[in-house]
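Take a look at the structures below.
In the two complexes below, chain A is the common chain; its partner is chain B in one and chain C in the other.
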Partner chain A sequence: MENENQLDSFFKISFDADAREHLKTIVLWARICAICAFISYTIALIVAIFGKTVSPTYSEQSYQVSSNLKTWTIASALISGIIGFAINYFLYRFTAEAKQGLDVVDQVKLNDGLINLKTYFKIIGVLFLIVLIIVGLVLLFVIIGSLGRGTY
Partner chain B sequence: MEPNSTPGNLFDLQIDAQSNGHLFQAAKWAKFLSVVGFICCGLLAVYGIFAGILFGSISRNYNDSNPPFGAAANLGGAFVLVFAVAGAVLYFFPCLYLFRFGSKMQTALRNNDQNHLTNSFGNLKSFYKFLGILTIIGLALFFLEIIFVMIFASRAVY
Partner chain C sequence: MEENPNQSLIDLTVDYDAANILGEIARWTKFIAITGIIAICCLILVLFFGGNGVVSRIADRYLSGSENLRGFILFAIVIVVALLGVIVFLLYRFSALVKKGIDIQDQDLFNKGLHSLKIYFIISGTLALITLISNVSGLFKL
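Right after this comes the complex of A and B.
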């Protein structure tokens, strides 16, 4: 039944003229999004590395605090940059391969592009799931902690 | 029932078994992301409204004893309310486009429906267009911020 349906669909739906036009625009805007993301992650990393953390006083303690702050800023910019680059790399690959597939009517290239689109959504989805789980756990611990404090 | 479809050219790009699978998976994840996005939009709007109400009541309490603090709280409340609600509204539209892409794509692939397939790609197009324009605006503001910071920093030094 499943196979029959798949074979059936092979001849029934296709990337018609309208769908191809939409795909071309998708490719254009998705590429702009990916390139803008690459640029912004790079700038954020440069600003984090070369930017100065201004401290109002020149004491030993404030120097220590600003140096810790700088380390945290660089680490967070690096981590978000790596994750962002990985996600947008798949979006960029989707645009490049789908564009090639559409230009030379190459089904294999288009399918490769769609694999990248699927991976792009999958990675963002999994990251969202991880964030939701972490937020849920933090909320749970906060509630348990406040209940524990309330009883004693 | 005959599926709503327009048979394409055999030599055209087709939705074969492979692309069907990839598009179905992409649609499933896109739908999940959009639902999470809708929840975040709602939470952001609720947060903005509650923060506005809270700041408003703080402002009312301090209006007589400390008028400047009351005015600052009022302004802060209005600021948080406007930004949170505006953010929620702005975030709602890409989620809507993504949801429509996901649901229409799933329907199209299940029922071999060409119209739904085209509509679903139209929604993905709107999603990326919206996101692209927003990204360009964000990047432009980012560059402006850097330029302003550099100008102010150079003035502070000299």
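Right after this comes the complex of A and C.
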């Protein structure tokens, strides 16, 4: 009985006309975000692969440096592209399913869309966490390094 | 005027599943927002203590050390930091309002939370468009 009341209390909030209007705009702009990101990552990869690496001299050493630089550029564009595509895939799926849910008033579709939005923010959160840990470790090593130098 | 008994069945409601999903979205967005606030504070500290060095490096690298454009670079950095601050604030506001709205069953708070998320995505979309334009211009430089 208590559980039933708990379940029932959730139904007091709905996606009313105001909320639906907000959600429609969210879906529109989220789709723009996702599509722009897909195109941007593709272009960044093309630029990384076919772009010229500027070298002031034509010595063998500078050729080696420029070749290494190009490899790094392509690798970083590829990695950021894969991560970016994965994140924005979920954002795009959110827009597609939420739009369908709003258009045909389908609660299940809307919930599926929200699950994709949750995954989108979850991946970003995990990436933030990883960056935070890396920055923390770098700071720790810098502090330990400076303390170590201070003792000699 | 008899009320339509099927009206609640037709409406999209925040049911048990939707409330759980929105609660989790709110939790992750709050984490992202708090991390973002910390990052922005660090950025402000770096700019406060080493701002001159940062501006000089940018001017030397991209604008051939032009002295006249130093003020413009500083202005652009302040705008970017402010924009990041607004984005992070909107994300935090969304998470707080939606969570509270669901907890105390307040439709108005819930809608205000969605409004914050809407502005967040409008700003993100605009930034994504600007990034796309800059990437397309990079493509023509090939």
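Methods note: the second predicted complex is superposed on the first by the 145 of 152 C-alpha atoms of A that agree within 3 Å, B and C clash if a C-alpha of one lies under 4 Å from a C-alpha of the other, contacts with A are read in each partner's own complex, and residues count from 1 in each chain.
Criterion: a contact is a pair of C-beta atoms (placed from the backbone, for glycine too) under 8 Å apart; a residue touches a chain by one contact, two chains touch by 3 or more.
Treat the numbers as computed from the prediction; the structure is a model and nothing was measured.
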| item | value |
| --- | --- |
| Overlay on chain A: chain C relative to chain B, clash or fit | clash |
| Partner chain in contact with A:Ala98 - chain B first, chain C second, else both or neither | neither |
| First, second, both or neither for A:Ile87, with chain B first and chain C second | neither |
| Chain B versus chain C as contact partner of A:Phe50, first or second or both or neither | second |
| Overlapping contact positions on chain A, where the chain C interface meets the chain B interface | 9-16, 18-20, 22-23, 25-26, 29-30, 32-33, 36-37, 39-40, 43, 47, 101-102, 105, 107, 110-111, 114-115, 117-118, 121-122, 124-125, 128, 132 |
| Touching residues on chain B, where the partner in the complex is chain A | 3, 5-20, 22-23, 25-26, 29-30, 32-33, 36, 108-109, 112-114, 117-118, 121-122, 124-125, 128-129, 131-132, 135-136, 138-139, 142, 146 |
| Parts of chain A lying in touch with chain C, wherever the complex brings them together | 7, 9-16, 18-20, 22-23, 25-26, 29-30, 32-33, 36-37, 39-40, 43-44, 46-47, 50-52, 101-102, 105, 107, 110-111, 114-115, 117-118, 121-122, 124-125, 128-129, 132 |
| List of chain C residues in touch with chain A within their complex | 8, 10-19, 21-22, 24-25, 28-29, 31-32, 35-36, 101-102, 105-107, 110-111, 114-115, 117-118, 121-122, 124-125, 128-129, 131-132, 135-136, 138-139, 141-142 |
| Touch list for chain A against partner chain B, complex | 5-6, 8-16, 18-20, 22-23, 25-26, 29-30, 32-33, 36-37, 39-40, 43, 47, 101-102, 105, 107, 110-111, 114-115, 117-118, 121-122, 124-125, 128, 132 |
